[in-house]
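Please read the structure below before turning to the comments.
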Amino acid sequence: MTYTVAILGASGYTGAECVRLIATHPNLRIGALCADRKAGQQMSKVFPHLRHLDLPALQRIEDTDFSGIDLVFAALPHGPSQEIVKALPRDLKVIDLSAGFRLRDSAAFEQWYGQPHAAPELQAEAVYGLTEFYREDIKSARLVAGTGCNAATGQFALRPLIAAGVIDIDDIIVDLKAGASGAGRALKEHLLFAEMFENIKGYSLGSVHRHQAEFDQEFSKLAGRPVEIQFTPHLVPSSRGILITCYLKGDAEQVLRTYHEAYANEPFVQVLPMGEAPMMKDVRGSNFVHIGVVGDRKPGRVTVIAALDNLTKGSSGQALQNANLMLGLEETTGLMLAPIYP
Amino acid sequence: MTYTVAILGASGYTGAECVRLIATHPNLRIGALCADRKAGQQMSKVFPHLRHLDLPALQRIEDTDFSGIDLVFAALPHGPSQEIVKALPRDLKVIDLSAGFRLRDSAAFEQWYGQPHAAPELQAEAVYGLTEFYREDIKSARLVAGTGCNAATGQFALRPLIAAGVIDIDDIIVDLKAGASGAGRALKEHLLFAEMFENIKGYSLGSVHRHQAEFDQEFSKLAGRPVEIQFTPHLVPSSRGILITCYLKGDAEQVLRTYHEAYANEPFVQVLPMGEAPMMKDVRGSNFVHIGVVGDRKPGRVTVIAALDNLTKGSSGQALQNANLMLGLEETTGLMLAPIYP
Amino acid sequence: MTYTVAILGASGYTGAECVRLIATHPNLRIGALCADRKAGQQMSKVFPHLRHLDLPALQRIEDTDFSGIDLVFAALPHGPSQEIVKALPRDLKVIDLSAGFRLRDSAAFEQWYGQPHAAPELQAEAVYGLTEFYREDIKSARLVAGTGCNAATGQFALRPLIAAGVIDIDDIIVDLKAGASGAGRALKEHLLFAEMFENIKGYSLGSVHRHQAEFDQEFSKLAGRPVEIQFTPHLVPSSRGILITCYLKGDAEQVLRTYHEAYANEPFVQVLPMGEAPMMKDVRGSNFVHIGVVGDRKPGRVTVIAALDNLTKGSSGQALQNANLMLGLEETTGLMLAPIYP
Amino acid sequence: MTYTVAILGASGYTGAECVRLIATHPNLRIGALCADRKAGQQMSKVFPHLRHLDLPALQRIEDTDFSGIDLVFAALPHGPSQEIVKALPRDLKVIDLSAGFRLRDSAAFEQWYGQPHAAPELQAEAVYGLTEFYREDIKSARLVAGTGCNAATGQFALRPLIAAGVIDIDDIIVDLKAGASGAGRALKEHLLFAEMFENIKGYSLGSVHRHQAEFDQEFSKLAGRPVEIQFTPHLVPSSRGILITCYLKGDAEQVLRTYHEAYANEPFVQVLPMGEAPMMKDVRGSNFVHIGVVGDRKPGRVTVIAALDNLTKGSSGQALQNANLMLGLEETTGLMLAPIYP
């Protein structure tokens, strides 16, 4: 069975990552690639690494015929995305990779993103796309909101622990290190090579990064009361990858056991043996998450380290995993690519 | 149909790359992983990025039962490799990724590698493994000698031009830039991160790099008389990738036309439009070669740029491509992975 | 006035950094360069970037005449260093950059470093070399123990706050990111370029890094009772630089005010305006420390970020600053080099 | 004796490098820093690594009083620079770091840069700023045109050989590798971290890079007849540094001897022993040039490798060297900083 998909925002990194993954997916074919500013160009011009593929030329969304399309990946900025998804035919399955539909509460969206929600009525039907925790809802969803890549990493580490009540939820610290591609292909001075190279830089300091809104929403829902974690992202000189170091109050053995229970049947989540911790590069280019637990010299303190690839498991791989579910395919189809190392 | 393979030297980069590629190959399974110094360890300890795979533990070659093995990938240093391949059961198909069997003339091996050939009788049957040019021989070979990764890159750029007689073969210059993994996982001071980072370093200057021996052998055979190119490799701060810039005397249009003819039906070789040139990262993690041609301001001079991934098309991907041929499988099976970018 | 110095361990990174800084120091000349394994070689062979300097050849320590030497920089591993410093003429001023003399308690040394202290009698006279806090003792010291580079960074951030009692000393978390050169020029697999590139890796997890011993010693002394911080170092793909993110319980305004008071007259410590944070590269190649304070969304939580260059302010620059004091020179002499950016 | 300088374009990399070098120059003080778009900002905001310096705030050029200024460094784009330098008081000494005044022939400027020369009358008095070869003219010049950074590197390698007639001037090939900062702080997609990282990319292929115009001008003048070299620059993942590999026809011994004669008394040019070659990082952050010569296996062929730091010797260090000469100071003043390694 073959399904036809369209990718909106194909000239960005998450769009290109969708194409890369679909290239070896046995049941999907690309029917349309959209990118407004680069409409008319061949994909081999915009992303020469995809030169070997027989791809449609880039086109404007408004010039696109969606009648033969089964599912759309919308890899657009969150502002336009709400408008554009709203304008798509109502029978299309949609996976939105932006922040446009991640927050259930439209007021929260306005507060964190500084603009009113452009499609609050659609928001109501959107399912939060963290596959391992919303699997059943995603299967029957029409609109799935891909998670923030940082938000995904933090949730893989913290959701089972908060749900099981094995850590102090008033003292959670997440120190995150992320590569450049998470910020997209936008032209910003701090993303220039000469600025990032041989550098590390904290940003959105003081727990004000927008992905914090997802933590607030999801962790508070899990705990049944407000949870506010401390969260500091750092930009590191890597093109891909996220690694988080979580400082928690709890018992290391109990924490590890909780992960083993939560992830026993998850094909993409690897829980490491006690005392081992993943490296950022262990998952590069793949849909895997690695999680490790280490007890601290100080009793009652535990460190959790987790790693994923922001473009794969953190966005486009997650999107494809959700697409598999929405289309009735085996969840892991096309996603078992091994990480590339070194 | 499933074939069982063994990988000798599984704790090195080319060995691990074989595992990565086989992980999503539909017709191969790994029956044994050998690594003498790390025998007894799990692969997940030596290469944690392969943690999700169900792999046999590392073992010594002498403890390995090859009776159920169809084909061996020998990813060992060239010295031991000649001895070890000689000792393998005679009915085993073998792909040797070292320099042990690349040079048809055992005297040339001794001259370039500073030691006598340990298996000259086997050398006689070894087929040089540059798939696109030795395809038919490889199909029926028992022992295939994988090429040097630098040597492969140079040959993709130069073989068609020398064969067609469209360039001056007495004035060929190849300036090569290669990432660190080509040197393997050996502990050498110049391969330390702090040494290579923010650095570029020429080595084996004066056209004395060992892969030069492959150029001598292959180009002289093609031309029917001795050909000696000038070849300078440089170590660049990348983990993977080779990019060569070739300075040639010839006509750009004729050169491009020659490539189009030579590579018209090659699934892994992409010839770019006139005036465009590949970047090193365009092929990362994939089995593709990209080649571009640019005419120089100076009449009669042409620049050719070619790129491949040293660990994939330059060694382990090439090996798998040959394995497919030797086992009667479709040549591209398991090798159509798209490059990972950025 | 010119003083003559010798550098022991001149073939390592901290030794070479001493040479770099002395090269433009107006009052110091290099009388001897020692490096046992490379004795007999020219420095231009071992470190070609120093080629323009007229330097003595490398020699064995036992072949060195110390009679004309005023001060020795010992940039050796901690084990040999204790023995070698003990054997030096008693009238020589010595700055030891190893961990050999950092811990006042020889039992603590044995516990953390796994070997008995080889010169406990010398330990008694050693002054801990964190200049800004031991300035007067250093002026009259004969033997100064350079601090750990990680330990220095943490202390610049935490000492004033612990001393002033403005943070909860039972809940201090330091997440550290450090470049490769802190591990020296030793041949270790995890320090290879291909391993570190595009990677981040936590190590000595669970607050068991050896520099923790310096934190224990210094912070407990300051607080008048045992203080145990949580400390996780990470190896990041940079050749130089340390950046720490400290998660503290306290008031941001009070924390910033405390820094302003503590560092008002310190030429090398730059306190940033409220809400700004340093980047790792802001201090590269220089003797400066940058410290920034950001209040968290969560009341009573504050994040402190500090950065220094491990080879300069973290070791060889600190050593030169101490040498200036020990020799009666102006403390900043030769050390006002601006950071190199980008 | 202290001279006061102004820096126009202080918010760019070459402007900031001027500030870095002047910071420890004993005879220069900074009277004004100009940057139109960032006028009103503190330098510590634009370049936090310069935070420790007491610098004037950035201001507009038209708001600047040049009455107390002795010399101006104009680190602006070439278009505006011609206009702005023309408008400066006639008695000001000026060092222009742009391409605005490098080409003696205004028609050549128009041809290579695609716009008419805005100050052809000033062009007549401009002296080409390659210090080692125009030293006497620079001493008495009012307006000095800093060279292109790539052009400087190529000339250090080739000028002595062309002048001495020891190489075939019709067959000169220069393969250049350059870090990102040579392209400045401009926002361009190919300069983003995620694009450049783990990548190598040739550009201005076919010998059409604008610095080629300087090669044409200078080499043809030296040879007394037109000389056209082949020149291919590559962008490499480094923030600083240029390394060139030159493929020449000549005798290695004679080439090396020629360098020794040409550079015997040059404080900043280091000629390496026969067979050794510099690495890019050997000169980072310094005003030194390293040159090495290797004979090729092929008789009559020789490879020359040269390295310099594009921001220092390739632009701002060169500018300061020229400023020293123009102000009657010792040429090396403030410029003997040792390279930073690793």
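Which chain is which? They are A, B, C and D, in the order written, and residues in each are numbered from 1.
Throughout what follows, contacts are C-beta pairs under 8 Å (C-beta built on N, C-alpha and C of every residue); 3 or more make two chains touch, one makes a residue touch a chain.
Quick caveat: nothing in here was measured; it's all calculated off a predicted structure.
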**Asked** Are the two sides of the subunit A and subunit B contact the same residues or different ones, given that same means over half of the numbers occur on both copies?
**Response** same
**Asked** Counting C-beta pairs in contact, which comes out ahead: B-C or C-D?
**Response** C-D
**Message:** What's the distance between the Cα centroids of subunit B and subunit C, rounded to whole Å?
**Reply:** 44
**Request:** Find the geometric centre of each of subunit C and subunit D from their Cα atoms only, then give the gap between the two centres in Å, rounded to an integer.
**Result:** 35
**Prompt:** Multi-chain contacts in subunit D: which residues touch at least two other chains?
**Reply:** 13, 179-181, 194-195, 197-198, 237-240, 279, 281, 284, 342
**Complete:** As the complex stands, subunit B meets subunit C at residues 13, 179-181, 185, 187-189, 191-198, 237-239
**Item:** subunit B contact footprint on subunit D (complex, rising order)
**Value:** 171, 173, 175, 177, 179, 194-195, 197-202, 205-208, 212, 228, 230, 232, 234, 236-241, 243, 245, 247, 275, 277, 279-281, 284, 294-298, 301, 303, 305, 342
**Touch list for subunit A against partner subunit B, complex** = 13, 16, 19-20, 23-24, 47-53, 180-181, 197-198, 239-240, 267-268, 270, 272, 278-279, 281-286, 288, 290, 336-342
